[in-house]
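Read through the structure below, which is laid out as structure tokens, and then see the notes.
Every chain is named by a letter (A, B, C and D) in the order it is written, and numbering of its residues begins at 1.
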Amino acid sequence: MASENELKEQLATCARIFAMQGMLGLHGHVSVYQPETKRVLITPGSGSDKAKLQADQMVVSDLAGKAIDGKGRPPLEWPIHMALHAARPDAIAIAHLHPPYSTLFAISKREYQPITVHSSIFGEGVPLYTEPHLIETVERGAKLLEVIGNKRAAFMRAHGITVVAENLMELLHATLALENDALKTLQTDAMGGAKTLSVEECRAINKEIKLDNIAQRTWTYYSTLEARWDHQPGTGRVELFP
Amino acid sequence: MASENELKEQLATCARIFAMQGMLGLHGHVSVYQPETKRVLITPGSGSDKAKLQADQMVVSDLAGKAIDGKGRPPLEWPIHMALHAARPDAIAIAHLHPPYSTLFAISKREYQPITVHSSIFGEGVPLYTEPHLIETVERGAKLLEVIGNKRAAFMRAHGITVVAENLMELLHATLALENDALKTLQTDAMGGAKTLSVEECRAINKEIKLDNIAQRTWTYYSTLEARWDHQPGTGRVELFP
Amino acid sequence: MASENELKEQLATCARIFAMQGMLGLHGHVSVYQPETKRVLITPGSGSDKAKLQADQMVVSDLAGKAIDGKGRPPLEWPIHMALHAARPDAIAIAHLHPPYSTLFAISKREYQPITVHSSIFGEGVPLYTEPHLIETVERGAKLLEVIGNKRAAFMRAHGITVVAENLMELLHATLALENDALKTLQTDAMGGAKTLSVEECRAINKEIKLDNIAQRTWTYYSTLEARWDHQPGTGRVELFP
Amino acid sequence: MASENELKEQLATCARIFAMQGMLGLHGHVSVYQPETKRVLITPGSGSDKAKLQADQMVVSDLAGKAIDGKGRPPLEWPIHMALHAARPDAIAIAHLHPPYSTLFAISKREYQPITVHSSIFGEGVPLYTEPHLIETVERGAKLLEVIGNKRAAFMRAHGITVVAENLMELLHATLALENDALKTLQTDAMGGAKTLSVEECRAINKEIKLDNIAQRTWTYYSTLEARWDHQPGTGRVELFP
């Protein structure tokens, strides 16, 4: 079993990778739960520079959203994490993000369906939380839990996404896979639509591509890249106008 | 009350953040007004390198567009700023920009409607100034004032946008929110359209997410990033052709 | 009058700016003509690293495409430049490029119409050269001249664009303006189409925004940025798949 | 004839160029075959940092996918490479990638047709492998060979692409050309569709633009850029939300 310090390191790395990918910035947070101690480790709130997060900045909280160490407070929308950690034994790692592409499914009228071999893990569906507000109360957290059910993720209208996984490696992989699929859906929609994967096709792929195995490769690759990233907020090409 | 020097520092920071975001470049300007002294601080005109602007480059002008310090002149389209600063007590900070995405609403036939919880502040609408020209005269400035009324922003046909706010922090937040919504509108239009937010939904969100509070977080986050930005004009991937 | 060495410096700067913008890379070339001496200065061919071009790499050629200095040869498609330089007194500076966005008008079925105040200079139209091949012969150069007539630019089917101007500053500005309009046309097409500018509106704008004046500002701005560019071939965010 | 060490250097360079272009990352691999020795050189599997690959990391394998040197193993989907290297004398260099744009043709319902002078080499068509799974068995490799026939490339449903060429230079050029065409197809589809090139037009272009000649220029240009690349995993502009 990983120690709390090891988990803090992993959590900070996971957050920096999401930042490198442009999927975690001003807002958004990632958490990991320790069922033995009922302690939640969670990234700090919206003031912090996610690309530079270190293990000692991780907030330790109980399931009621109360900071344990006295260092920092859980972010405003902590009820997202606590509702899911408390209720689902398979929800050990949770990301609440507003990534550029998967958030589009929280906004557009279009339903999500997997289109690549990586997103077959979402073959059972990704439900929509329909209220356009932040999840700042325990009641709203409970409502999100009800909506997400036993699924891997939910879209949150006019807002963002929540993804759950059994560990941080699988969380990273699943969230990247959903984001990649969302981008490609946007693009193939402009090309006459995608040949989506059926539930049966997804299940067949899931049997061949083992999530724990591929998630480990994803983690190794992205953490290697993050370790040599210059952490620059980049810019694109210079527009004439402006 | 902030001193003029403090305001110059804030204004230069705001401009550099817009530059980092690719929203201010060759053209565009940002201003802040001091009602007590009737002095306007404004970023310099189109020759300047916006990513490198410093406080001592800020131009000080009166409401007639006349430079007070003798250092530099207000940019060509100063009537945009002066018309709004003079007439609206809530127009303390103003940005006239041509950002890559919100400018699309000044060009396309499509009307803007908020689609994310951040853009609910634009729930009362964003009018269109229909003449395709620069606002180089006092008369055109007056016409823009008439068009924008008591709204937070206006689109300017074939040209760009103007956003007004009560201070520079709120100006930064509001302009980023509008730009983000514009990008996501473009994208969700390609996916069958967005579930837009109604006026009532926007008002409900505005009651929960306080603008001054969230604007402060936005400012803290982006000024932290700008402070460690290498200020490089970036390039994208290298195209084969070219 | 600028000396040949000064012109070589300007030409190299212009090419590096296009490279910074992702508009000149493996292929493409820019030339400037000296009517007094009938000498053409032109950037070297497709092997060269455009982002690093220096004045002493500029090729000097006569109007028959024969290198004069013996240093290097004009690029393969020199007949584009020579046909236009020889025939049109207003074609002093010429760019043949394949920019990411304006090239789309050489491919798509759609006709180009100006949509921003900057592109009003193209209000008289941009014709299409319909043959999908390279302009490697004098005959094809003559055909391009016939197609382009007295216009500022032409699209070349399945290939790229050619832009002509009275000097390198105006060439830079006009080419950036066309590219910007092409990008925004692509985007507004996905949003239900643009409110295009009529010929009359373009002419009215052209009277107010003087090309020589704005071109100088564009040159100053972009050459300042290029001077502090790290010349890195950038990458975007890291895709999961790949 | 190039020595095995020279080929390893070329292969590593080719892989780093694909990485620079954002076309090779976590997944994907490139191989080159030596008919005289029946040895295959191939890039390592999904854990490795493709932007940093060096010649001594290249895996040497026989046609049965068995590592010869004992250093590393061929990647999981080696049957793609071995099936094609063994059967087609013109399949000396092979890339299996999941590039951002050409992969869209493996997902969308749309058929591919060449639209630029560079992609005329694909005028004979690019078939689709319809099963949505990884090519992890010799049987699936044989099926891919059957689908691809004597064509230059195949799309692989919900997955990626495979491109074959007579050497690494032509492989690089052809893969970049296909990716560029895919991007431009996506874009022109949003603009009312492209004027595609007919088979006859493609053949005419292929007679004028010699593949071996242009591929050498492409190689020179991109390897020059890669040699001075800082190998940073970049980021785009910072999104507000996130």
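Definition applied: a residue touches a chain if its C-beta (ideal position, glycine included) is under 8 Å from a C-beta of that chain, and two chains touch if they have at least 3 such contacts.
A quick note: this is a predicted structure, and the numbers were derived from the prediction, not measured.
Although subunit C and subunit D share one sequence, what matters here is the overlap of their interface residues, and that overlap falls short of half of the numbers used.
A turn of 90° superposes the CA atoms of subunit B on those of subunit C, with the angle given to the nearest 5. Centroid to centroid, with C-alpha atoms defining each point, subunit A and subunit B lie 31 Å apart. One simple way to say how far apart two chains are is to compare their mean CA positions; for subunit B and subunit D this gives 44 Å. Multi-chain contact residues, meaning those touching two or more other chains, occur in subunit A at positions 20-22, 25-26, 103, 116, 190, 218, 222, 225, 230, 232-241. Interface residues of subunit C facing subunit B in the complex, by the touch rule stated above, are 20-28, 50, 97-100, 103, 115-117, 160, 184, 187-188, 190-195, 197, 201, 204-205, 208-209, 217-218, 220-222, 224-226, 228-230, 232-236.
Residues 25-26, 46-49, 101, 103-104, 107-110, 132-134, 136, 157-159, 185-186, 189-190, 230-242 of subunit A touch subunit B in their complex.
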